[in-house]
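If you scroll down you'll find the structure; I have some questions about it.
First chain written, first letter: the chains are A, B and C, and each begins at residue 1.
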Amino acid sequence: MLSSYADTIPLTEAPILLEVRDVSVEFVSKQKGAPAARAVDHVSFALREGEMLGLVGESGCGKTTLMLSLMRLLPAAGRIVTGSIEFMGQDLLDLTESEMSEVRWRNISIIFQGAMNALNPVRTVGDQIAEALVRHGMAPTGKKSSAAGRVGDLLEMVGIGANRANQYPHQYSGGMRQRAMIAMALACNPQVVVADEPTTALDVMIQAQILELLDELRHKLGLSVILVTHDLGVVAEVCDTVLVMYGGVTAEYADVDTIFNDPQHPYTQQLLNAFPDLTRPTARLISIPGAPPRLDNLPPGCRFAPRCPQVFDRCHSEPPALHRLSDGHLASCHLVESR
Amino acid sequence: MTASTEITSIRGLSRTFSRSTMGMIGLILLLAAILMAVFAPQLAPYDPYAPVKVTIDDIYAPPSAQHLLGTDDAAKDVLSNFMYGSRVSLVVGFFAAFIAVAIGGTIGIVAGFWGGKMETGLMRFTDIMLVIPDLPLAIVIVAMTKPSLWNIIFIIGILGWTGTARLVRSQTLTVKERKFVTRARAVGAGNSYIVRRHILPLVLPLMVANTVLVISLAILSESTLAFLGLSDPTLVSWGQMLNYAFTRGAMSAGAWWALVPPGLGIVWVVLGCTLLGRGLEEVLNPRLETHHLAVGKRMIARSGVRGTAVADVETEEWQVL
Amino acid sequence: MLGSRYVLKKIGWAVLTILFVIVLNFFLFRILPGDPARSGVRDPRLTAQAVEAIRVRFGLDKPIINCFQSLNPVEVGDCFVNPMDTQFFIYARNLLQGELGISYHSNRPVADLLLERLWNTVLLVGMGQILSIIIGIVIGVIAAWKVRTSVDYGALIGGLVAWSLPTFWLGIILLMMGSRHFDLPIGGKITPGATYANAWEQVLDVGRHMILPTLTFTIVFVGEYLLIMRSTMVDVLSEDYVLTAKAKGLNNYQILRNHALRNSMLPMVTIIALNLGFTVAGAIQIEAVFSWPGLGQTIFEAVNRRDYPVLQGAFLIIAVAVVFANLIADLLYSYLDPRVRAA
């Protein structure tokens, strides 16, 4: 008998750091009476110490919403309607707003996509890193100036000269800005780093460098990382476990080898077909015919049914349950049952 | 763009507009003012242009059954003046705004569509005109010419186009890059054809919304000029009523009825135009009125925590983990 | 370090705009029918000698500019006259020497007349601007922060109504209420015939006279500034870096102070500068209502006396002041925004 959802994927014996259990997120509609759109529907996963989890899916499948829920940074219309998010045994959803603000960046930090906009254009990069240090009491005298040494070390660590701390974001190249964001994310020695499509809008060479840096740093610092991406090639390179999301639900969840060698969900299989060469990280976007479902207009049965090549009658009427296979991996597809 | 999609889109727009409280209030205010102006001869108890025999008691007479809003410095009925006065405001507002938007729209489309030196020159000129203060210039020009209705319309019109020019130019620049415009160009369509068939239909809605806002500015300018003594002496207008009342002792006579109604009239029409214009802009260019600090107090609205239901494929047992 | 190219470019534009204003000011009034000196010359009561004397005194015997003897009616003239001996260059030379012509009404130099009143306008506009900008920003920030709540809707409606008020009418209403119920002076800058024991008493008297005009100014412009600040602030607070700041654990107050205010002040500086024309319009109306002895009241009086040289001079001074203020705003912008600074 399994005691925890996380045990379904017994990849390592490392203790569980973050456990997301049955989280659903809805967006309430602006118009009165209109039903709320469910962006994330009963999703669970676990993150162990030192592990990198790949969160994969097309745009609009709820990846970013799920990550924002971890930090309780949902936009005004967002509601977490079910579930719990346990960090080191503490349910983050039970904390007060000010307790939560202590956890942010100190324990869980996030690297947003598009670093140009994620950095304030009118303040220096060093100043913005120092701000995080001061906030969490990691500047020796509590003043920004006293954090200069640490800011310099952080920038050096990501391959930016300490002397560039006084420059503004527009003086950095795109890749450097993303490195600066990584330095900022690591400033307070967090246990978990969420990297939300950290390489979007960068050219292929720089993408590879950034991912390499991220992978190197997580081994060096023993970080746990959640890498949000739509690029399975990237996941193959650096991740330990993979959660594939489709239309707000878990499509498949397993360790990386299982996902690549024995994918059960037709969606995962199609994603893999889009990447014939898995040893090479590629910038190509996933190309599966059709588009993901609109959250306010979900199909009644399986959400992937309209695009699924192996679809049959039952898929259109009955949403599939999450099934656990003998090798421990989870997939939500009617086909799994008959195997 | 086919005719049918245009019609449905206009229908869609009007449906969205009808949901904008602000826009609807503005529309109602403006329509009511227009009705009053059109039917002023039927509605007004007296004719402001008919001569009256004046006795001393009739000057600044307080509101009474004969004169619901009292009389002014010339013993005229304030309510009748008020009703007729709306005509000048609306006529000046509409025509001056039409001139301003026609000039600004032309400059904006030409600059945005043709680009190059033409654009640089026109926009530099627009920037210079934008900086030059309108009202002092209008005062000088009106004072030196005759302050007739049409002079005032013309002067407010040719001084009020700068904002429209900038707005229309940026909209034209966006539209120009659309697929069907580049395609039309590739097929060899002429410039004037592209402007007429493709650019104008997409710039026009924004120009209409802008016109309504320019009307409110024009009405404010007209009433200010009139208050300063620059109005057509043959026509009753709200600004002129205020000028006469203010300079001819309404204040010391305590005749608030001569001072309050014309001002409220201006606020009524200007507010109507402003609300309508903003409502239209909102429909055409919807902005997400929210931001990262506007967090709902109810972000965490859990109806309870349960585990994830997982069906074991081999044992066919359900587990809640 | 200010980007010197940016600064030079902005100064160049300001100079060009002022030149344009000068040319406009000259030619517009030579083309329009109500040309000051010409209409004076046409006065049938004047003798032929008097007419000639006026023509020489105002330089009307000279051609307007090379090739044109007169513009209304158009009269082609000699193209090879000495440019310095044409009306335009005489006008320009006089301008450089600070001469703006002679007032018809008081027979005094327009420049003196306007300059002695300029400071009163600056005092009133400065006071009103500072108050309305501060209050407008504070209300605008609060409305943006509480976007789509009753606080926000209240500010929005209040702002729109204030914006729609004709300035002069609001002045009249406040004047009626203030003088009747609060015993405030009905106009002017000082109490007529008052003698002061010391400077402090004089300041108090001027202050009492300033309450109502400043209040009028503030109400009208708070409406405008709060609407602009609100929408600018909503835009800034939707930026990704605000989400980053929140993810860093900063609270709302820290985010507003450290990230949102400075960034939203950038567009505000430009908009405030571009609105200076409206500011001037507001000042003219307020001074007319409260008999505040500034440029606006001078304009009001000059309109009623058809004192054209004063009107033209006032327009020129106001236009130059507005262009200059815009230049300052541009330079301030470059100081506030590192992206421009580096350019």
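Quick notes on this one:
Convention: a residue touches a chain if its C-beta (ideal position, glycine included) is under 8 Å from a C-beta of that chain, and two chains touch if they have at least 3 such contacts.
Just so we're clear, the structure is a prediction, and the values are computed from it rather than from any experiment.
Here the chain at the heart of the shown protein, by mean C-alpha position, is B.
Averaging Cα atoms per chain gives one point for each, and the point farthest from that of subunit C is the centre of A.
Compared on C-beta pairs in contact, B-C and A-B come out with B-C as the pair having more.
The mean-CA centres of subunit A and subunit C are about 54 angstrom from one another, to the nearest whole unit. Subunit B and subunit C have Cα centroids lying 23 Å from one another.
Centre-to-centre, using mean CA coordinates, subunit A is 48 Å away from subunit B. Those residues of subunit C in touch with two or more other chains are numbered 148, 239, 243, 246.
Shown for subunit A are the residues in touch with two or more other chains, namely 73, 76. The multi-chain contact residues of subunit B, meaning those touching 2 or more other chains, are 290, 292, 294. Those residues of subunit A whose C-beta lies close enough to touch subunit C in the complex are 71, 73, 76, 98, 101-106, 109-110, 112, 114, 117-123, 131-132, 135-136, 168, 170-171, 184. Interface residues of subunit A facing subunit B in the complex, by the touch rule stated above, are 1-5, 7-8, 21-22, 28, 42, 44, 72-84, 93, 321-326, 330, 336-337, 339. Put simply, subunit B touches subunit A in their complex at residues 290, 292, 294-296, 298-314, 319, 321.
For subunit C in complex with subunit A, the touching residues are 148, 239-241, 243-251, 254, 258-259, 262-263, 266, 336-339, 342. Contact residues on subunit B toward subunit C in their complex (touch as defined above): 127-128, 130-137, 139-141, 143-145, 216, 220, 223-224, 227-230, 239, 242, 246, 251, 256, 259-260, 262-263, 266-267, 270-271, 274-275, 278, 287-294.
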